[in-house]
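I have placed the structure first, in the form of structure tokens, so that the comments after it can refer back to it.
A, B, C and D label the chains in the order they appear, each numbered from 1.
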């Protein structure tokens, strides 16, 4: 077995103005939820499976008790404006080196498909259980900013302060060398829980960018379940909170490193 | 030294309808206990030793104070219905990448022997000290399910929820690409202790599948010793338990990720 | 992508008596602060970018929300006495092996530039929030000690006791084999906080060594902000301190390993 | 730089009946203390330095503030009965894979020197601060046991129960394949502290085996300092001990895995 195994399920893929959308597991699984929702609602077709030693040594069990190796998958579909290439997966790389190698693999495939623009989807951890609709953006080419602002994306200098870690960040950085435009769109989320509500906010922004309409129903339902859990968590939190400790302001913490 | 060293102790091995049984260390050491018990009771013969840089840098001391390098070993034996190829070992890989490489090595050997079917044995952690006889299954080909159900294996959609980690899962996922049928059989166990009682339950299932009879004596004895320890642990647990904390249901925890 | 990618931004670099100054992230970010300050105040020119799989898989977001891949960068500038080659960066290697490989890359570049002398800048953790002006030194050639003492560097036998970890130490050790003289200069710092005040002390020593004058203004400002935070931290510390535990002397702790 | 760099400081080394003695850092630094003591007292000559990416990226500062890269070193010396090849060092490998590679390097050198017998020195952690003179042994060839018992080494079935981890264990396991006899000798030690007293016990055994006499003076002195610290630690321990928790016997703990 090689380090990375790209299994092509379909030959001769021809795409019109294809855009790569990346939604791998990460903070609040926001990006993964949105990308998987797109795959389902747009009836995208699976064209590639990616296996790698850099994924955890693990098999996933489906609802029929059948297993498959953890992987990343690439789907394609058409919309009025663009064809979409959607990258989803069970895991990101479990090694730093693997992140760089997988990123190169993703971009090799994207280039072969003629992709010129990339959107990586993720979550931005706020540490707060209170929901906000905000979607934060970062780009590898400032020319993209105006258009994204019109779609409702917000931009804040130097945010996220800790940089963008994992495939979402790496794809922006590396695709720059390949003259591809790439933006990372992050739904704000607590960082503690799977967050379908943040995914809904991010989905709306994506729909504006791609000029498409998508049924939010399934995400809506999961969001409602989640709200009940959050309510209970807040209760627990209140019960456990005694007298607050003397604490540093966020401003202060920025200097601790 | 290479990454993986396969030392063949015997040439020209001819096997009839061989089945691979894998029992490496893992949850409750259930799989390891069963596989080692099979080796002993069926008087299986050691035919291969596998050494690897992916095992911990460690030597095992035997009852004569003689040491040997940690390894995995392959035994063969005959039963009325099938020949068995049994993989046991001191350790699984200590690196993610090593898991994939060792898995390929195991399957190369299995293919060479003409193996078409694989059973990986393991434990399924319940978090409860109370014993249950249940054996949970997952397969890489749903055609295997009916037969296994008849032998007493239970199947539950999407279980284990966290997938099957390590050699047990990987072997199912990877052997699928090689057109081998594979099932993972997991004895339910607390997850905290070596569990010979769960091993007994799993052994009974294995005996039905292979149509063999095996003396449970030695496992029985170890199970009895273990029961005493469990009883004492429960006592300690009760002494330490004060007022229970407000807690999330298992249903809830599924959403936390 | 290779393990390490050296992107040269400028050809035919000719330097006079070049000295390599290294200020990568580390204890109190003292070395990084000083080296970045030198780059800014001496208007050094960026000549090389180094990317590597041994850096974390991460992108940095700038004040325009534009991202770039984490990297190390080399700048050059002229002073009256020497040309300087300054190595700064977002991160050190995240793997032990990467440290060795990157160190070789740095030294290959340095040799190509004709560097004969290296100063690696860092912090020396005291565990105390109280500031001291001291700068501690270690060398790979004892002939350097006299000159450095004149510039205000102090030398203490076997200090730091735990050795010098990371690029600062490795560069001294490895450059010795290449017949380059190298010294590590460490500003004393608590070890808990980014420390611009310690950076000021170290900068003064550097200025004496290089016979240059540098405006300390920006460091001074950051130091003042930091002092307020330290004052608040000390307050918190006093509030939390109850009765002191019976404790081992530092002398004693040296023997615990 | 290669993965492992063997720097030979001397050519044409001719040794009579050479025995390899290995004392690398480990439990209580017992093995390291004994091997370094042998180097000093027998005025052994350094013949090889080993550098590796598998050692931590670190430089050691000596008493003149001069640094050197962390390494392993090989010394040789003569005694009446045998020539000794002594391996000492700052660190063991920091990766599992590195352990295997370095072990191969050590044995390649040993074979080149004509070594037929190896003693690896280490500590055996008891968890008790009370000293005992005992030295525990394990061998890769049971023919060695009788002779070692006569020198005062004790042998206990399956001890250490957790196997022998690191170079000490690996060298026994791997040298077996090379038809070299090897024993691991372990001084009993608390496991919490550097233990020159246990080193003294081990040294006495070594002296009997090699039929040599060695001044214990320097170890004696360090042992006395250490005793004071142990006394103080015991005091602290007594102060902190309130009512003992309900606890499992050692017998019980053996089954927890």
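Points worth noting:
By our rule, a contact is a pair of C-beta atoms (placed from the backbone, for glycine too) under 8 Å apart; a residue touches a chain by one contact, two chains touch by 3 or more.
Given the structure is predicted, the values throughout are model-derived calculations rather than measurements.
Centroid distances from chain B, each centroid being the mean of CA atoms, peak for C. Chain A and chain C touch with mostly distinct residues; of the residue numbers seen at this interface, under half occur in both copies. Centre to centre, using the average C-alpha position, chain B and chain C are separated by 50 Å.
Centre-to-centre, using mean CA coordinates, chain A is 36 Å away from chain B. In chain A, no residue touches at least two other chains. Each chain pair that touches appears in this list: A-B, A-C, B-D, C-D. Contact residues on chain D toward chain B in their complex (touch as defined above): 93, 96-97, 99-101, 103-104, 137-142, 145, 155-161, 163-167, 169-170, 172-174, 176, 184, 246, 248, 252, 255-257. Looking at the complex, you find that chain C touches chain A at residues 1, 29, 53-70, 94-95, 192-194, 225-226, 229, 232-233, 235-236, 239-240.
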